[in-house]
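Please find one structure pasted underneath; my questions will follow.
Chain nomenclature is as follows: A, B, C and D, assigned in order of appearance, with residue numbering initiated at 1 for each chain independently.
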Amino acid sequence: MSEQRLTAVWVQDWMERAHAVFAAERVALIELDRAIGDGDHGENMDRGMTAVAKRLAADAETSQETPTPAALLKTVATTVMANVGGAAGPLFGTAFLRAAKATDSVSAPDGELDGHAVATALEAALGGLQSRGKAEVGEKTMVDAWAPAAQAAREAAEAGGDATAVLAAAAHAAEEGADATVPMIATKGRASYLGPRSAGYRDPGAVSTVLLLRTATEAALE
Amino acid sequence: MSEQRLTAVWVQDWMERAHAVFAAERVALIELDRAIGDGDHGENMDRGMTAVAKRLAADAETSQETPTPAALLKTVATTVMANVGGAAGPLFGTAFLRAAKATDSVSAPDGELDGHAVATALEAALGGLQSRGKAEVGEKTMVDAWAPAAQAAREAAEAGGDATAVLAAAAHAAEEGADATVPMIATKGRASYLGPRSAGYRDPGAVSTVLLLRTATEAALE
Amino acid sequence: MKKLINDPRRVVADSARGFGLAHSGLVRVNEDPLYIVRAAGVTPGKVGLVSGGGSGHEPLHAGFVGPGMLDAAVPGAMFSSPPPMPILEATRAVDGGAGVVHLIKNYTGDVLNFEAAAELAEAEGIDTRSVLIADDVALEHAAGMTGRRGVAGALLVEKIAGAAAEAGEGLDTVARIARYVAGQVRSMGVALRAPTVPHAGRPSFDLGEDEVEIGIGIHGEPGRERVRLGTAAEITQRLIVPVISDLNLRNGEEALLLVNGMGGTPLSELYVLYAEARDLLDRRGIRVIRSLVGNFVTSLEMQGASISVLRMSETLTRLWDAPVDTVSLRSPLR
Amino acid sequence: MKKLINDPRRVVADSARGFGLAHSGLVRVNEDPLYIVRAAGVTPGKVGLVSGGGSGHEPLHAGFVGPGMLDAAVPGAMFSSPPPMPILEATRAVDGGAGVVHLIKNYTGDVLNFEAAAELAEAEGIDTRSVLIADDVALEHAAGMTGRRGVAGALLVEKIAGAAAEAGEGLDTVARIARYVAGQVRSMGVALRAPTVPHAGRPSFDLGEDEVEIGIGIHGEPGRERVRLGTAAEITQRLIVPVISDLNLRNGEEALLLVNGMGGTPLSELYVLYAEARDLLDRRGIRVIRSLVGNFVTSLEMQGASISVLRMSETLTRLWDAPVDTVSLRSPLR
């Protein structure tokens, strides 16, 4: 049993890393979206994560007390919602919002997160984006990364993994889930317009999910 | 002193040849005009000469008596004027019209043309297109082919050349005149917009003049 | 990439500023968050009409803000739905107490962002209704799928719903009319050359020198099939036959015919298509009683066009003929 | 070449037919020889206004036929002036006994063909006046040269002369006003990508991936210089500074600003240019009191734009604001 707990510093570190990664992967994500969508996904995510990083940095400057992870995740949620646009904006925004709400109720009294809390947060995120987007597994969307990620996170937590281990399991499962979207024929989102021609490409939103979970893990490893 | 006289058959033969030549040179003339104009000269001339050939053929079918060369040239003039469009339409149209009028007064009683009559016709054509277009020699227009052609025609006639010889001299001079347009900087017509950049290309209207005079010569040789 | 812009990320903002300056008698541009409303302000007691979506489809929607049509337009980033906040603020700005109708082209992003905005508006006590526009027959309907896209038909819904709102109809009636129009219009498009989204920097898709994409979307999303470029008559046939068969339009019925340019097609070609479409409808006994030809719902500089047919009725004709005064559509329409 | 056409040689005819079918309430198309007149027919006692020229610049001129603007438009082949006969027939068709003004863009072909038509019309007893439009400052004036081209300024001359004719002014007055407007407007354009003339089958000129042609004509004729594509602000500066200095427009004067698309430029980019132009004029104290932004005088699908400035006066403003009802320009203009 690990004692590791994730704090607000983890959220800040996570978002800085995510900001850097989405800037670096901007063009690659645009290319993925260009293949089966409208080519803006990298631009949307880059714009959104830039706004998030800026907002968190500004908040850190001005605020006196240390925030809870949940409070920061809520700020991330509204900033993503307000700046990403497209389909990804409300989907990731809702995911962050539900994660924030969930951690608020399951985290330790100081607001810090253990493995179980992380798993709960990821499950809530998945629930949120499914309630918005109405997609099931197998429709070639970000759900195909989030769903296995949430499940792997729960399993890791049940097995006694600490927060980092839980995130690592989630990121790994998301990666497999994103790869699994390649042969799928999309039935939700813009890629669905392609019908059978959507097969053969990874879903951009699923890849972004991987990037988010991977940076979350890296931040937790620090 | 030659006895050769040009008849209505010559005009018909000339126009059939011109029709064929402008169809064949359509793209080349478009390319010339594309370089220093708007790329339609070949299209304009081809459209016009097709209309002329059609009109002369139709007239030949229906009319009972043999027309004079002057009458045919007048039909050519109005058909060119009505179908070529652009700058070349009214210019060549006026040239043919004045040539028709001039031959009417200088040709033999039966309307047939000797060398002198041909030279007079070419001078009249030049006068016509200069009165319309206001261009002088050296402005990189069809005048740079017509002017030496008319002069060479007159010299050949004075030297006793027959109609074919006069036309051949005119065509040859026109060719040299067209070549001489290459280094010129245009000051009239669309090419003038290019200023110094118009140098280095043959003027399309001058090249069309060569084609007209060359086919006239070939028809006379028959 | 060759564009008359200052910075790929500033195009939408710069352009909106120019739009506001050029048409200050008709519209007011709120720069942050970005939305466009009528210069005359809110009309008390009138149902407000808001539309929006990704930019790059100009004049849609900002060009259709004004008396007789929209009250507000909310432009997102290029080809990206705007987030909920500007939609919410535009909704607030045009609520004259009679509620607000959201006209939404059926794209996941637009649907989700408008949905979120509507929830927030309702929470503030603004009555809202949402109308989905999904007129693109390139895609088949199927339960559980994202479904058909909203394309050029949006313009017709905006005009006719706008006339109903202007005439003082209530919230539910305006929404019902808008839904009715959305249900009576079908469209299909073709692309000859892809647009280039400023932030992407290169064409959205690649087409061979003699290939066209039939059933193209307005973001360069692919459609039904790639075929060899044929004559205007052949292309028209491929576009309009699915439209009228999906609409089940029959001999003797009346229709509005819209030939819409995608931005990079000469107007002369749109009229060539119009003539072909008209011939085809004539042959089938469908009476075209109203027409519109031009670049209205575009896809940046995409070369291509779409054909839309709206089944007309007496009511729709009356509403279509009602006065409209916007930057890009002005009565009399004929 | 990728075009929505049936046959390169039939584009103009097919397109005109579609135009007539789509707008039968407003115009009538005479197919042979080809010209377009108002559906309402000739107005007795009113001065007739005829314009025309090569096709490929749509909506110019046919889109501007209607009350308050032109009486007839005469489209030639693509980029080629029409011959005298259709001009003559259009002139006959619109002569209401008060004479006819020919509005001619200054191209050798147009000048010569309209000149021939006017001679024939005069011979028939129709009083005619010719007005040359030569607003393109890309070229320098010089005695004995063909001189400046007529470009987007044509639209402004047509609108204002149209208002004067509609108001019942006599032949000489309408011609004088048209000449006055032609003398107070200057324009300059830029091309980013060449158009393809249907019968030529390939682009009219070649530009490098980062080159633009400053001072482009509307037939793809070259202009002043080729430079690297800069920002919209830089391009605007290059276009508008020669325009206002040639016009000698000073601090405190009033102007109309027209940003005209060449056919293949997204509307959003035109508004970006508009914003830049407006800033520049503002800084110089020139008051833009009227504006127009859109694709009005195009060059097929050429990517590019032009900026025109018209020095305004009370009379011109009044005539500009007068009602107009054409397919492509409809009041209120704002």
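As a working rule, contacts are C-beta pairs under 8 Å (C-beta built on N, C-alpha and C of every residue); 3 or more make two chains touch, one makes a residue touch a chain.
Because the structure is a prediction, the values reported are computed rather than measured.
Minimum number of contact steps separating chain B from chain C: 2.
Ranking every chain by how far its Cα centroid lies from the centroid of chain C, the top place goes to B.
Rounded to whole angstrom, the centroid-to-centroid distance between chain A and chain B, based on C-alpha atoms, equals 77 Å. Chain A and chain D have Cα centroids lying 55 Å from one another.
Our note on geometry: chain B versus chain D, Cα centroid distance of 33 Å, whole angstroms.
By the definition given earlier, chain contacts exist for A-C, B-D, C-D.
Residue ranges on chain C touching chain A, taken from their complex, read 9, 54, 76-85, 107-109, 112-113, 115-116, 138-139, 142, 144-146, 149, 197, 199-200, 204-205, 217, 219-223. Listing the residues of chain B that touch chain D in their complex gives 30, 34, 37-40, 43-44, 47, 81-91, 132-133, 187-190, 192-195, 197. Within the complex, the chain C residues that touch chain D are 2-7, 11-12, 14-19, 21-26, 55-56, 58-59, 63, 190, 192-193, 195, 209-210, 212, 229, 231-233, 235, 257, 259, 263-276, 278, 291-293, 295, 298, 300-301, 303-305, 325, 330-332, 334.
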